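For reference, chains read A, B, C and D in written order, and residue numbers begin at 1 within each chain.
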Amino acid sequence: MGLKTKEEYIESLRQMKPLAYMFGEKITNIVDNPRLRAGIEATAATYELSEMDEYRDLLVTQSPLINEPVNRFTLPPGSIEDLVARVKINRTLGNWVGTCHQRCTGLDCLSALSIVTYDIDQKYDTNYFERFKEFLKYVQKNDLTCNAGVTDVKGDRSLSPHEQEDKDMYLHVVERRDDGVIVRGAKAHQTGSLSSHEIIVLPTRALGKGDEDYAVAFAIPNDSPGLIHIVGRSSLDTRELDGCDTGNIRYSKYCPTVIFDDVFVPWERVFMCGEVEFAVEMVVKFSSYHRQSHGGCKSGKIDCMTGAALTMMDYSGTAKASHLKQKVIDMIHRAETLYGCSLAASYEGNKQPSGTYFIDTILANASKIHEGKEMAEATRLMVDICGGFVADLPSDKDIENPEIGHLVKKYLKGSKDAPVEDRIKMFRFVEKMAMESADTISDIHGGGSPEAHRVTIFRESDIEKKKNAAKRLAGIEED
Amino acid sequence: MGLKTKEEYIESLRQMKPLAYMFGEKITNIVDNPRLRAGIEATAATYELSEMDEYRDLLVTQSPLINEPVNRFTLPPGSIEDLVARVKINRTLGNWVGTCHQRCTGLDCLSALSIVTYDIDQKYDTNYFERFKEFLKYVQKNDLTCNAGVTDVKGDRSLSPHEQEDKDMYLHVVERRDDGVIVRGAKAHQTGSLSSHEIIVLPTRALGKGDEDYAVAFAIPNDSPGLIHIVGRSSLDTRELDGCDTGNIRYSKYCPTVIFDDVFVPWERVFMCGEVEFAVEMVVKFSSYHRQSHGGCKSGKIDCMTGAALTMMDYSGTAKASHLKQKVIDMIHRAETLYGCSLAASYEGNKQPSGTYFIDTILANASKIHEGKEMAEATRLMVDICGGFVADLPSDKDIENPEIGHLVKKYLKGSKDAPVEDRIKMFRFVEKMAMESADTISDIHGGGSPEAHRVTIFRESDIEKKKNAAKRLAGIEED
Amino acid sequence: MGLKTKEEYIESLRQMKPLAYMFGEKITNIVDNPRLRAGIEATAATYELSEMDEYRDLLVTQSPLINEPVNRFTLPPGSIEDLVARVKINRTLGNWVGTCHQRCTGLDCLSALSIVTYDIDQKYDTNYFERFKEFLKYVQKNDLTCNAGVTDVKGDRSLSPHEQEDKDMYLHVVERRDDGVIVRGAKAHQTGSLSSHEIIVLPTRALGKGDEDYAVAFAIPNDSPGLIHIVGRSSLDTRELDGCDTGNIRYSKYCPTVIFDDVFVPWERVFMCGEVEFAVEMVVKFSSYHRQSHGGCKSGKIDCMTGAALTMMDYSGTAKASHLKQKVIDMIHRAETLYGCSLAASYEGNKQPSGTYFIDTILANASKIHEGKEMAEATRLMVDICGGFVADLPSDKDIENPEIGHLVKKYLKGSKDAPVEDRIKMFRFVEKMAMESADTISDIHGGGSPEAHRVTIFRESDIEKKKNAAKRLAGIEED
Amino acid sequence: MGLKTKEEYIESLRQMKPLAYMFGEKITNIVDNPRLRAGIEATAATYELSEMDEYRDLLVTQSPLINEPVNRFTLPPGSIEDLVARVKINRTLGNWVGTCHQRCTGLDCLSALSIVTYDIDQKYDTNYFERFKEFLKYVQKNDLTCNAGVTDVKGDRSLSPHEQEDKDMYLHVVERRDDGVIVRGAKAHQTGSLSSHEIIVLPTRALGKGDEDYAVAFAIPNDSPGLIHIVGRSSLDTRELDGCDTGNIRYSKYCPTVIFDDVFVPWERVFMCGEVEFAVEMVVKFSSYHRQSHGGCKSGKIDCMTGAALTMMDYSGTAKASHLKQKVIDMIHRAETLYGCSLAASYEGNKQPSGTYFIDTILANASKIHEGKEMAEATRLMVDICGGFVADLPSDKDIENPEIGHLVKKYLKGSKDAPVEDRIKMFRFVEKMAMESADTISDIHGGGSPEAHRVTIFRESDIEKKKNAAKRLAGIEED
């Protein structure tokens, strides 16, 4: 037990036997499937960096719960310093993998549970918090990766869970037994579910009267009976399967839909069951943490995109074009905006009753609103700078073809000092960052959709205070 | 001879034997290759609509050159009405195919040549215009599709063509013979080169002293000896090859790099040869026409994206969400802006010495500047409205799998009245429109890169007039 | 009778005796009040240009109604050419006066009435159209300027007119007599009401059952008994009163609130009375015309702002700064977008039953949506380029002061070749264009507020057609 | 000595006898001039709040230099906490006064000097740091307000200071004497120079060889012989002079040009003299601090604008309009972005050799780039929400006029529960915030013009690190 090395992490996944499908076929060897492995490698980077001298101090800290060094991805924040570390780690890792590393969501669930289970106990005299702490110890001692089973498939979005024609459109308890509960439903966009040891489930929305069975939170292994992972299509998925033209030669991302086809959850792993009025708190806490996380990793990804754009300028002889430099600055500015607002959200955090530290919600959402709009703009700027071969670069197989390979290389050459092979690789990497759907769509929909972030900053702002400031200066007697 | 039907068009392509490679392999049957066929079908739509009662009047007109009805894609504009028709046809077709139909570039070349060959003749007493008219008659009589061989690979962009270390980075004449010239070089992003009967080559940039060999324009069949079409990678290309999860079930786009490996061009097909000072006019005329074209087809594509977003709102039960309706309006506004500026550019066109009508350059570029920025925004809005399954929708093969297919369908169901199969198809179509690289990158780089459009509107604006207006009102004596 | 010269126009205003207040005082000599005169001069420019060789052909045309040459500002459009001329004249005049010329709104009312009175007559067998034509003849024969009394003060905007606590918050008929009607209410933002001979009143919004008395349209002289013009405050209004630091040395704008304190309107001047269901058509026609007008005049104003920015670059030695040139291009692009969309709206116009030509509503509103957002951005760019003296330039009186004048001039000097006096004048003009409220606020609220333009393009778009295009391509059977 | 009350502050200004002109006239009683007094009141708020229970802890802290409680506006930051307090105080005050409080610039000068004088001493063995500390003690003990004499008038901006035709276009030393130096030049946009006790002068730009005389920093009383304050024109300046329609009934801003007409500075007040290579550090330190300050005060101003918009929605019956609520959210988002980035810049600060804490430059500039663009957008949104009376509201004098006052009030009434007087006041306040030039132009040009902020984030970013991250992921061997 204790901190896992990258190799131990991968080996530990190899021991699990989840039921998984991809493109209509059952996948029995998850770890060696090249499409999935590229995603697993991204999560493995969170282990790898914890072993590296340069990053260990950033990633590893002492857990007050088990009194051992732990990877921060298993540690609900217990101080402002912990909150800030989350953002800095995510930027470092976003930059290191150039995509989503897929381990933050589990931590965001752990962090939310570490607050809300305590709050429920206060009201109902339940013992969720103790159960949760036991689970957390297990996670910390084994340096596990957890997945966030939050986003239900939702069915008709104009209806609440219990109003749906098919009651399973939101995950819910279908049977309560002495030893636990049986749940049914499906969670979509389960980034890295097969790279995770544990699946943590939380409600996806505020719940009301009639929705009691939907107010359920728990954690189970990713190979629990009844769990089915269906790896959906992403735009460049066959590149990894074919082992060619991958762009990012190390890492990628995949997002299964995970179906809970009557899955048993033992009581000791149930962290909420029926307390509908706490669903909203669970959602707000999880999603706010997750929006803060994005401010780190996405700014790290823009760093990669900026680096790619600048390198391509070197390679193509456009390094001195002032209009391109302006576009690079626009990219940098977007990265720093996400980062700045997320950092501020961390520094302005506060201690919750359970002892966990929570971020400033308004600032975290301010960051995410920018992400939802500006990642697309940063991507567009990168493509503008890099040129049209992002669309239609010949394949590495063309380059290897003896009849035409020399011609392809001849005509893809840029500036004299840049090896043509490097220029080709960089074009391919830009294509990956710009056109890979699993990662880019999360810019918009990760951590809740854009409107959710907007509603949040309005709800959390002190509207009356603002009105009164205006009235005082206008000479109107304040309310 | 005369107007071709869709079937005749495809059959005519089958008679051609271009040398083509894709993903490292030689492709001998172009027409039946599913990846290429999807592109050919898009161009075929320009023939198909000319046969349909609803669209014939829009697409077919009488050619004053051959005194026969012709498809407008073979007709350089001879009136304001012709200019306007270009935009309306392109919007209709962009909407019809939901991607690039790939036949406008050839017309844009024909239109540019119909102006500039005349102008060169006036100065040098050459007979390019006559040669060109003969070629045009051939194109019109056979209802041919032409490809625009404009974009050179460019090498080091800080150097002019003759300064490059490798002189072939811009296509140029390497030998002049009695019967014609031998040319060498490569043209990138050759949208639909294998869907075309003829490849028209124009210079890609302004040229100066020392660049004489690069000042060359001509037309040759797409299966001329020495021509090599290398179909590059696009983000969703294997979908069509696998015949699964294509999204747009009818149409797609592909963009080869075309290498001219010492290709012979007979003199009667040479339309410019050495008149360097006319290169800039050729480029400006072609690219301005092409930017006008984009204003039509891209607004038509936004129409599809808007329709997809609205349909998805119906399917998901979000049709009444006011924030989504606002986003739909933002999409419509972008479409109409592109369309409006391109239409205005057409109506404000003018007659050139050769008799061809040319558009208002400032307004055409105003449209293109919006396209370069706002297509990405329209796409982002569509993804925002439609939700996260754009990233990771299970494959049709998952749905066909007897073990999980029923579960996938169960959980992808949206509102009661929307068949789940339709919702899945629409998600897949949205993925195609959002994440397909060959088409989306052309929003940015088609018709020249964004900075080119900006430089153009500055250069074409009457700066002194603007200054004098300000001075008069400020009370400053005008210059 | 016939076309008025500028002098005749001003003299004709002098003959009128409207009841007017400004800053709490009754104004008896309108024409010679320097604040009002600056606005009158702007409208006078519409007369002045009709006398100038350079512009006469643009502004003067033959009226089919009176068979005489008329100023186009009295001519409802009878052809596409007339629609296009509107935009071009407005751009010319916007550029000529650097602010609002204030005569377009009256024409927009005449144009709307020339359509809707006819349509009402068709349904109700009334004779509004004949009455209107008689009025129009009078306007044309006397080359009159009309004011658009459209915007009611509105009271509580969540209530319809007849639901208001004070029934006078929308102008309405309070008494019907044999010889005419008595009306009561107030119209806000009455640009140039004192520069107009006639006040034309239209409803400001769609009306329904219960609102019959509010469905009233008519025209009366600006000095009719009971009419009170109250000239509101604008940001720089005292500059003109003091005759110092005016910025635009020739022209300005003012916007009274006009109160109808039981005003009599004879029947021959009533063009609608009680036909509630036609209110919406009246509003849509007027406002769409007016949004088209803005596309002309506001692009003309950006021309002035661009000229000012470029001149200031010359004066300050920053003409070669590439980042400033980029900002100038951003300004030009905005001007051309407004212009392009408005032009397209004109060229795509259509003939109405009465014979009047109406514009394409979607394109006219597309232009206005840009105006509502982008005029502010163009202004910001101008200020960015020109520098901080827009905020706090010393007064001309400081320059005239013998103790400090030489020092002010010494230190405001820019580049060697630019006279310091000219640089000071240009700073002052930039201040006027950036910070004058009467004109800049109309960028946002003129022709209806931004949301109205957005709602319009959604309502006018063919939503089902868009959906069906998407469904066909996705493989979904169309409805 | 010690902390001053608001009254003591104003009384202390009354003791000073600066030479000041406004609109061509000498102003002898600064404090009671209503235009200037409104600005002085804004600065006085920094004293007033230090006396209030609610704010004292925020504004007052112990000075390690004099071991007494001081107002934080006299304290160069000695810790991260001090840096953070700057932003929070500025937001509080920006919200309190609804405009610029004008005391931050002096602190930003003190902070820059507290770093750079130390650094110069290290290199040259000078004793600037000691001199500066003596001055700082004097400022702290007397709770003085200082002005930032930074922005030179600049002449021809394409030339460096010593290249100018008139050598005085940048302030410089014209004579060195035993007891001090004589300086000449002019500083523009001297916000609150007459509200300050001391004028601190720093260079405005990087300097090089030949510019030695321009490398000068010092502090002198605002009534030193030879100093001339010329209060420039702002858009609403006569409102305060007339005591009517002021909008913000308490506070305003004014910005003189201050001319140094051969002013003597004793050596003990000279903090830099000839060390040209330190000019750039002085500028970077000052301007970075000042950009951080803006992130606070401008977000506080948006709070006021948001409050005004929301109040107007209440008053006009539009509180439930979803599109207006979306605009309010857009405003809030902009405020929080400025605030978040500035806070992050503070928390990520670092200790300089002298012991002073300096902010993170990239994040501070990221905030300012947003300000330069988004304050204008926030303003536009406020105007959009509030309606057209921002442009042309009748004067309070109209309301007081017995003939029309009752009509004005009748027709300006909004929703039933809102007193019409309050609605009028709020319109006036919105006009002030939107259209007052002295404050709004500083959104763009305060703390250096937008391009300066952009250049800074590029220069300060680790470009090579970004490139290497991209290369590693693309599979390119890193440099």
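Criterion: contacts are C-beta pairs under 8 Å (C-beta built on N, C-alpha and C of every residue); 3 or more make two chains touch, one makes a residue touch a chain.
Everything numeric in this text was worked out from a predicted model, so none of it was measured.
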{"item": "Steps needed, at minimum, to go from subunit A to subunit C via contacts", "value": "1"}
{"item": "Whole-Å separation of chain centres (CA-atom averages), subunit C against subunit D", "value": "37"}
{"item": "Interchain centroid distance [CA atoms averaged], subunit B/subunit C, Å", "value": "40"}
{"item": "Where subunit C touches two or more other chains, by residue", "value": "323, 326, 454"}
{"item": "Pairwise touch network: line, ring, star, complete, or other", "value": "complete"}
{"item": "Complex interface listing, subunit A residues touching subunit B", "value": "21-26, 151, 153-159, 165-166, 168-169, 186, 188-189, 228, 230-236, 238, 242, 244-245, 254-257, 259, 261, 316-318, 320-321, 323-324, 372-373, 376-377, 379-380, 383-384, 387-398, 400-401, 403-404, 407-408, 410-416, 431, 434-438, 440-442, 444-445, 449-451, 454"}
{"item": "Residues of subunit B that touch subunit D when the two form their complex", "value": "322-323, 326"}
{"item": "Footprint of subunit B on subunit C - complex, ascending", "value": "84, 95-98, 247-251, 303-308, 310-311, 314, 325-326, 328-329, 332-333, 336-337, 339-341, 343-345, 347-348, 362-363, 366-367, 369-370, 422, 425-426, 428-429, 454-455, 457-458, 461, 463, 465-471, 473-476"}
